[in-house]
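After this come two complexes, each holding chain A, first together with chain B and then together with chain C.
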Partner chain A sequence: MDFATAITILIDGLVFSSYLFLVSVGLTIIFGVMKILNVAHGSFYAWGAYTSAYLIGIWSNSGLPDAGTFLMIAVAALLVGVVLGLFLERCLIQFMYGRDEVIIVLATFATFLILEDLILVVFGVDPYFAYQPMMVLGSTQIGGIMRDVYSLTLIGLAAVVGLILWVGLTKTKWGRLLTAVIHDREISVAMGIDVTKVFILTFVLGAVLGALGGAYVAPTVSVAPGFGIDVIVLSFAVVVIGGMGSIPGAIIGALIVGIARAIAVHKLPEVELFVVYGVMVAVLVFRPEGLFAPAKARKI
Partner chain B sequence: MDMKRDWTLPGLTVGFALIAVVGTLVLPDWLMALTVNSFSRALAVLGLMVLWRCGLVSFGHALYYGLGAYVVALLGKDWGISEVLITLPAAALLSGLVGFGIGFIMRRYREIFFAMLSLAFSMVMYGILVKTEALGSTDGFSIEQPSFMGWTPEDATEKLHTIFLMLCFICWAVAALVHRYLQSTLGNLTRAIRDNEIRVEYLGISAQHAVHIKYVMSAALAGLGGAMLAISLGQVDPDSMVNWPVSGELVFVTILSGPGSVVAPFIGSVLFELIRTYAFEWVPGAWQLIVGATLLVIIFFLPGGVWSLISRAIGKREDL
Partner chain C sequence: MNGLSGADAMKRGLFMSFANTLRAAGVATAAVIAAGATLSSPAWAKDTLTVAIPAFLSGPAAGPFGVPARNGAEMVIDAINSGSLPAPYNTIGFAGATLEAEFVDESGGNTKQVAEYRNLVQKRNVDLVIGYVSSGSCAALAPVVEELQTLTIFAVCGTPRIFEEAPRRYSFRTMSHATADAVAAAHYIKDMFPEIKTYTGVNQNYAWGQDSWRDFELSMTQLMPDSKASENLQFPKIFAGQYGSEISALSLDPSELVHSSFWDGDLEGFIFQATPRGLFQQKKVIFTVGGTAAYRLGKRLPDGLIIGARGPYGILVRDRETELNTWFINTYKDRYGTYPSGPAYQYGQGVLAAKIAYDKAAAAAGGFPTQDQVIDAFTGMEFESFSTTVKMANGAGHQAITENVYGISKWNDETAEAGVTDVKFYPAECVMPPEGASSVEWIEGGMKGAKC
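Let's turn to the complex of A and B:
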């Protein structure tokens, strides 16, 4: 493998890893705090993408400078995350607490099906294109290959999101409350933490992050029906590999899957999908709690 | 043990005989095809139900469902074998064997990890299939006309009727066998495993071993169901047979049916297929919405599935 290929693989891998981190970190936060494996995360992603593509379209049609489309991406993520996340938590998830984990997975699966069709009702069946943000940033040449700058900014966005979450969780009061709830919900209640509020905020935060992933990716692809389906299992894989509920785990999981996939794409395209899930199987078999999740005491 | 007489076996016999006879006489072709699809799926659901009684949910049984389908398709493609007396047992056997191998790993996991790991295994298979050009990649390929004990039906109606009758027989036999199994000591352990595994171990029984057996059973049943589906559709492809929404669908029908009886999966599957067909007809853009809403209603208001309605109606004690 020559140097240029190595650079290409590295950059492709990093871009894809950043993408994976963005779409799966919301999932892992929700799981870590609430112990809910949220299939509807794919819906946040898809809704974020549609809303972002739609808003970008409106923005550039109104003749405003295209640079403002980035604002629309952020607006879309917040809008979808807050509205959809709040609505779901209040109308569905809050009634599921204390029920079997797998039943909750099924309930979110049902929600995913419902939201999937609601997208068609709201946005129609035609694909959306919102390439304006990509045009704004143009492209550059790295290692003899033209790359669009927009995709490269994904790496920066992922780093910023990761940093904010890390600081937020370890340095702020809210982060510590969250950590307390993650470790022991009952004790947290006894200590006077309003767990209901923590849960609502966590769910909305996870939803915003999921929507942000979709909203930011929207300009690079055509946003079409069935957009969220593949993302669900992919982000499951990332989260499982890193350890469900762990943010450093999500970073490591995203890096492993992203780089492995980039290598596969360039060296052995036949095994592209196999690699992702093969790693997932291997990790689950040898370390079912994931690479980074702390070992849990067995409760009888 | 319930001292009341168990009507499941006579019920199954009379029920399937009635379905076979009445179905052949009055069912229009489209309804018969719908029943064939439902019953094929019900075979897989029956296996999932056995796991569900242990409190285990597999989000990856599309692996075996698809495996069964591809075994049938490949036997026809590569060896020219289209005899269902060979293809069906081969599909069930191979799925069971793969399930036996994977079961050594699966039996160590419970709850969400069990679900996730089975999902991962099925996605590995999906990943292989979509990248294998020789197997038609994402398009899949069509399979040979099946022959039944050396006889090949001449037109579509004849084929459909034959498959329908054969499927009624298979479902009856399989349901009866699973019922007998659930009545046995090992079968009765399902609920015990769900409630408290440690106590099961104190009884001197290996919970892992029991789970393994049930896993192999469910794998073989899913393989058989997938094989039946492939034969009746005449076509296999990864997206409608191996991708994860298929597993989700199977779990959905399991929840819809309820774990109460081996009859439940058949009722649940037909119901599911009817919901889907009519939803698709009335509101083509929103059939998933209706299916999803149904699932939510079941989870919230009918945790025992549709079977709990029936068992209440016939005055039977709630089994689970």
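Let's turn to the complex of A and C:
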């Protein structure tokens, strides 16, 4: 393998890993804290993408500078995450705490289907195009081929999100509260932690992260109905590989899948479809709990 | 006592005789009508026919394919019901019957489509079905159509297998299949870019993508034997959305030409992602279904792409000034605010074919035709459609052949519209295999009998 190809595979892998991390980290946070397997996470992604594309369109059509479209991406992620996340947590998820996992999966899957149909009602069936942010940043040459800078910024965004989450969890009071709830909800309640508040904040945070993934990806794709379906499958694969509820696991899972897929596309394209799930199966065979599943406190 | 005179009796006798004659004549007339009716066996006249029209109404294929397909069918049905199509199709209805359309979502996979088809035919009793975009849908449904014996017109789907794998009675396809797209693409490359020596492909990993690439590669081997296909072919899964790695691999590949049969949102997403990465400046790229993106992307469609529309439809025939095509374009633009793309034409063509078959069968039967009479009329039929001549020449008269066409995308600054240049048409008999021949064997055998 020559140097240019190696660099290309590395960058492709990092870009795809970053995308995977952004869309799956919210899912793993929600599961880690709340033990909610949220199939509706794909809807946060899809609604984030649609809202972002819609707002970018409005911004551009109003004649304002295209650089401002990045602001619309952030606004879309916050708007969808806070409004939709809060609404779902209060109207559905809070009734699921402590329920059987199958019930939770079915309830969130039903929610996912409803939200998918609502997209058709609100945004219609015509795809949305929001290419302006990608055009603003232009292209650059790396490893002998052209790269769009926007996709490269995905690596930076994922790194920033990962860093903020790490600092937040390990260096702040809120993070320590969260860690306590992750380890033992009952003891946390006994120690006076407002677990309901922690749950609400966690769910909204997960929703914002899911929406951010969609909002940021929107300028690179045709935002069309069914946008959230594949993402939820990929997110689950990443989270299972890394370990349910583990943020380092989400990072490592995304990196493994992203790099493996990039190698496959360049060197053995016929196995590209298989590689994501092949890695997942291999991990599950040897570590059924995933690579970085958080240690469980032993209850007496 | 009757009290009649001799003269009266005579008058009465004459009257009775006349009445009997009239009665006999009436009975005889009725018998003749009944006999005639029995001999030609027309069904009872119908005021309405119910047609199911499946198309992608949700999912990534809805915008580029399903919605224009639905619009094209709806517009042509309304025109036929009101008798406002241009001559010679300006008679009202389908053999006089008004068509009531039920639009059905094609999304959800093949299993769902088979169940939905059974529901349409067995529970909702539709009289005929016109539609289906996906090759997967058509391949799954073809045997079911024969089982349920309901006239079904496949309007778009591309796989050649439908009529090559088994004889069909109740299925028709009113446009050419994917082989024509691939053969015409290879002809276009040979005619316009004879210097090309290497080529690669990025196609979706299912029947349509695999078949399209296979036929293109085989055609290139025949038409440009000095050219060579890359070994590093890309087959991402359908609706993958992210093509960064594939675009990198294509960029690193030394091939001069990239073939792609991408359609739906995948096509538009790929174009968006490849444009800033310079792929379209670096290589010639041929999109066999690129016509569906032309109007939707507008100025964002890069100049210089080689685009087809799965036949003579959409942007590639916008300048064809026949009465039917002018009517189709103007009516569609007035009604939906945009030019009609390929799927609008293709669904409209399927509806038009049904009207022609019903009218033809009714004329032959002397009344409203039975389904069998419509099928017999349809088989082997040839007709002028909105933008081309359609010959039901293959598949024992059930598979259409039409000309095919490619051009090069070029934004028109003066009209601020997407356009095409260097448009070349290839006759139906040049790009489709002859009756009875399998597509692959025909191409591999050097396309014998092709009239180009």
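Here, the second predicted complex is superposed on the first by the 293 of 300 C-alpha atoms of A that agree within 3 Å, B and C clash if a C-alpha of one lies under 4 Å from a C-alpha of the other, contacts with A are read in each partner's own complex, and residues count from 1 in each chain.
Just so it is clear, contacts are C-beta pairs under 8 Å (C-beta built on N, C-alpha and C of every residue); 3 or more make two chains touch, one makes a residue touch a chain.
Bear in mind the structure is a predicted one, so any value in this text is a computation, not a measurement.
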Let's test your reading of the overlay: on chain A, do chain B and chain C clash or fit side by side? clash
Does chain B (first) or chain C (second) touch A:Cys91, or do both, or does neither? neither
Based on the superposed arrangement, let me know which partner A:Val160 touches: chain B (first), chain C (second), both, or neither? neither
Answer with first, second, both or neither: which of chain B and chain C does A:Met146 touch in the superposed model? second
Based on the superposed arrangement, let me know which partner A:Leu120 touches: chain B (first), chain C (second), both, or neither? both
So, does A:Val281 touch the first partner chain B, the second partner chain C, both, or neither? first
Where does A:Met134 make contact in the superposed view: on chain B (first), on chain C (second), on both, or on neither? second
Based on the superposed arrangement, let me know which partner A:Glu272 touches: chain B (first), chain C (second), both, or neither? both
Looking at the overlay, does A:Ile187 come into contact with chain B only (first), chain C only (second), both, or neither? neither
Quick check for you: in the superposed arrangement, does A:Ala224 touch first (chain B), second (chain C), both or neither? second
Interface residues of chain A shared between complexes with chain B and chain C: 120, 125, 229, 269-270, 272-273
Which part of chain B faces chain A closely enough to touch in the complex? 55, 57, 59, 105, 108-109, 111-113, 115-117, 119-121, 123-124, 126-128, 130-132, 198, 244-245, 248, 251-252, 255, 285-289, 291-293, 295-296, 299-300
Contact footprint of chain A on chain C as seen in their complex: 57-60, 62-64, 66-67, 107, 205, 232-237, 239-242, 244-246, 248-249, 251-252, 264-265, 268-269, 272-273, 276-279, 282, 296-297, 300
Of all residues in chain A, which touch chain B in the complex? 37, 92, 95, 100-103, 105-107, 109-114, 116-118, 120-121, 125, 229, 232-233, 236-237, 240, 244, 269-278, 280-281, 284-285, 288, 300
Spell out the residues on chain A that touch chain C in their complex, using ranges where they run on. 4-5, 8-9, 11-13, 15-16, 19, 120, 125-127, 129, 131, 134-135, 138-139, 144-148, 150-151, 217, 220-222, 224-227, 229-230, 261-262, 265-266, 269-270, 272-273
